[in-house]
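Letters A, B, C and D mark the chains in the order given here, with residues in each chain numbered from 1 onward.
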């Protein structure tokens, strides 16, 4: 059970009366602005942005609505392929490709969500997993469009012309800020949603679904909408990843990628605004640094998860909050 | 019977597999009345209550609310029709603050699919939630998470949440279950006060409790209505006495 | 960033540039899958690559400028490989990338180096890397490709062991390319294809395919998969008694996989390879390479994929030495001019697709008369390098 | 395509052998989930450890039978330690925490095996007495696969007898239905859970050592099998032994039959089957409705 102080803090966050909460997007933007200089190298910092957004999108469904999905790779991957195909196969510019990625992820989320929200608990997790595997298979087989196992190459967005400026995305710092722009916009949207009446309802559904229904809320509709928004956010992360890597690996769609969202969220702290981001950063850093000095990095990574589960069950950010508001 | 019937069930039957939980229940409830549905455990009271609140749909039969057949409508629409319930098992949003619990319930009538406006912007909802907490007597606990409330307070919170949707019909399922005598007293006073302004249907198995405040009683047994009438009529009814109290006088 | 650094070097006086060149080593990035199922191959590649670096440095480097190897774990994941390649290029300003073990990793690295004009020598099998669409003038392909391998194996087995053929291949580009290669060479010998069976990549149970294959009564079963898929399918085929009436042929017979699976399962299996250490019996450069490797690593012999790590790094360094600079355009030119025999006999890079034209070794797994645990294959035949064994430049889409 | 009945029959038999292994794994998963509500992501790793312990014992003693007995015991012991010291502190914290813990544990176990036995897989020869193919009337079939079917059937029967016929099994069944009642009766439910986790792990280890002569051993061998075992468990209905067995065989046969007609679809059709079953019957074929929903 969470300590009362933490519940109160969380409530102030919901009400938007907490200073940290009212400025949370600004704080995130400022921190992420200097973040690349805290990381070993830029490409890793960009990975944190992208997987952080991916985990935030997932956490909207899992942490706030309380539904555990094992199929979010389907949205990350569809977003990546949607964006990648528009650039690499159809030769269209980035400003069409990114929305195309988000949109295709949302469509897939609508289809999967429509079927999956009839089930609950562990069965929901398994249905999303199964349907995501089917999505994987479709993209794997559509080799002429997706490149199949070889992945989709040639998602090359070298430079971006905006009125007055031209951005060279081959420069890592420029690429970082280009991607940061989208991530901050997405965080702002998530923050608004969480603070809105809609956000209040999804938390109520997490707390007690039957009661929310009795209050007069169409729970199925709220679940489906949240599922689609969550899928679209993960799709945006995928689309940005396609531009970052300039390829789309088929690994974007495997179930390990779905698992990544779960792990990152839990590691950082589910149901908190910054938690998933912190989790993504911690996860990628642990992996990156340990892989440099030992081939057995998975031993360390595995042990770290276990320690967190046993001793810091609220995740890194959740534990920080708890300590702050003792 | 007067013409102003707010709710009626006509020939309502609910079957689970081969088991009949309710059989051919026909009752009418007048606007502004306080009716109690009583009966021993397993009589079908909770099933009946779930049908009235939309949690279940009848196998056959019709349920009319203000002249409209609502038997097949999804549960979440009931609150918008003007029907609210508080259930037998305490059902609040435990991690959310007490005032937020009521605010969310009140919000359902005002704004649902708004993704953008900060909820704090709807000041009238917060005021309304605070006022309802006053009504049920737990306004001083508004900031605590609901799970930190005492049992009786949680039941009061539930009633505040039910009231938040401004129901014309209030359904209360054993509102005093598990309460201490003091808490029970407070709760019954509260219910009596509420009944002055709206129609209330109360489900109880503690018969003594409802005798004093109910205008009418409906007695269920084995899924069927065995008696209905004023408290005095029921008190004098032999069938009720036999099946419900094993023949003892009360 | 890489480009601007290049400009900066060009702008400062040449004397200073020479001084700077002496201080900063030549950096070769080396992304290989150290963790995961091909960890053994990857480790061998690193060891062999380090040998090439050491040789280069001992022989004076590039006008005294030493080389160093920056090893990164690509985790067999293209996303990770790109991230690491970006790190190597952006943070370490590497002069070249050598590595990649799976086709998808190789192609994604290629995409990055192509855009950033960085020299890449790829040491993984794939046909796509030669094709015009993915071609980069900065990319060379030191490994064999499926077309060459299956061509050599097909030319050896089809006339000798029969024409009734069943293909069992994993359902992805690598498998499709292998089957296509076999079919292409098979046309010359009028083989009769009884069935082409695709299995999911990474399957663990192949037994479900064998009743049907047995019923078809083939002379040859071509199992076109790799790594653990290959180990499992061959072992299970043996259990099912497939070898009683048919011969099992694989395009690439991996040294490490054979050592791991043991002699029994692989007994009598025929396949191709880029390198087997017993080449030293006939080829002096192989002897030299093996001896150096043995000396450096406690008597061990290099594996096929391992030696590719050596060749991949050594050709790049040799080209830099000949060009007298690490300037990428001039190194590419020097690469194309190389005629080298570093470990397996003569090789050179074809101009249109930068594919290393080289010999293919046909080997058979043996179960008796082994002189040492490393003595696992008989060399049946060495097919000498010839451009005619490659797909033509036109076929690959290269104009000019 | 020629569809001789004997090919179909052999294919069916192959599917049963495959399904028998799935069933063994799924029984363990299902027991652990049904009784402890722990989604055990380390189950694949237990399978792998079983195979390696079998490999080690086979090399040490030269007897396959010794490894067949020793591996499940060793993995069962690992399971006991894991439950007692790692999983137990997490009861009552919801589904997610045991899930993440066992996920991390799987990483650790795989890496420990890599350190001890190397990254490369190792060969595991079919024991002499069980190698070769036998005439099963419709054609030749590997003897060892018949043995796998028999051994899995025997293990399943033993588990079923234990749970259905012994007094200890009675407690387990009661504990699954209502842990509070069992505690009121004065039975230490913690010990029941400990035993269940141990048995589940041992079954995974047994499946691992049975699979070793088919696949050899490799540190990653648990990864693919885990996904498939989950699918089987879910199709059968979490917590149902009968469901695990039926779904295991069903999935095995489905894979082998698709291998005949559209081999490249063999794996995805299993997931499609799972999606289909769940959408029609959300609790799985034999699962109880409402469990953990």
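Just so it is clear, contacts are C-beta pairs under 8 Å (C-beta built on N, C-alpha and C of every residue); 3 or more make two chains touch, one makes a residue touch a chain.
Keep in mind the model is a prediction, meaning the values are calculated, not measured.
Participant: What is the touch distance from chain A to chain B, in steps?
Facilitator: Graph distance in the chain contact network comes out at 1.
Participant: Name the chain with the Cα centroid closest to the overall protein Cα centroid.
Facilitator: Smallest centre-to-centre distance to the global C-alpha mean: chain A.
Participant: Using CA atom averages as chain centres, what separation in Å is found between chain C and chain D?
Facilitator: About 38 Å separates the centre of chain C from that of chain D.
Participant: Distance-wise, how many Å sit between the C-alpha centres of chain B and chain D, to the nearest whole number?
Facilitator: Their C-alpha centroids are separated by 49 Å.
Participant: If you average the CA atoms of chain B and of chain C, how far apart do the two points sit, in angstrom?
Facilitator: 75
Participant: Mark out which residues of chain B touch at least two other chains, giving numbers and ranges.
Facilitator: none
Participant: For chain A, write out the residues touching at least two other chains, lowest number first.
Facilitator: 295-296, 298
Participant: Which residues belonging to chain C are in contact with no fewer than two other chains?
Facilitator: Correct list: 35, 39.
Participant: What is the complete set of touching chain pairs?
Facilitator: All chain pairs meeting the touch criterion are A-B, A-C, A-D, C-D.
Participant: Which residues of chain D touch chain C once you look at their complex with the stated criterion?
Facilitator: The contact residues of chain D facing chain C are 2, 4, 6-7, 10-11, 14-15, 17-18, 114, 118-123, 125-126, 131-133, 139-140, 142, 144-145, 214-216, 218, 220-221, 224-225, 255-256, 259-260, 263-264, 266-268.
Participant: Which chain A residues qualify as touching chain C in the complex?
Facilitator: Contacts found on chain A: 40-44, 47, 140, 143, 148-151, 153-154, 156, 158, 170-172, 241, 245-247, 249-252, 291, 295-298.
Participant: Inside the complex, what are the residues of chain A that reach chain B?
Facilitator: 1-2, 4, 7-8, 10-11, 14-17, 192-193, 195-201, 203-204, 207-208, 210-219, 225
Participant: Which residues of chain D touch chain A in their complex?
Facilitator: Against chain A, chain D makes touches at 33, 39, 86, 89-90, 93, 95-97, 99-101, 103-108, 110-112, 114-115, 119, 227, 230-231, 234, 238, 265, 267-268, 271-272, 274-275, 278-279, 282-284, 292-293.
Participant: For chain A, which residues count as touching chain D in their complex?
Facilitator: Against chain D, chain A makes touches at 68, 115, 118-123, 126-127, 129-131, 133-134, 136-137, 255, 259, 262-263, 266, 270, 295-296, 298-299, 301-306, 308-310, 313.
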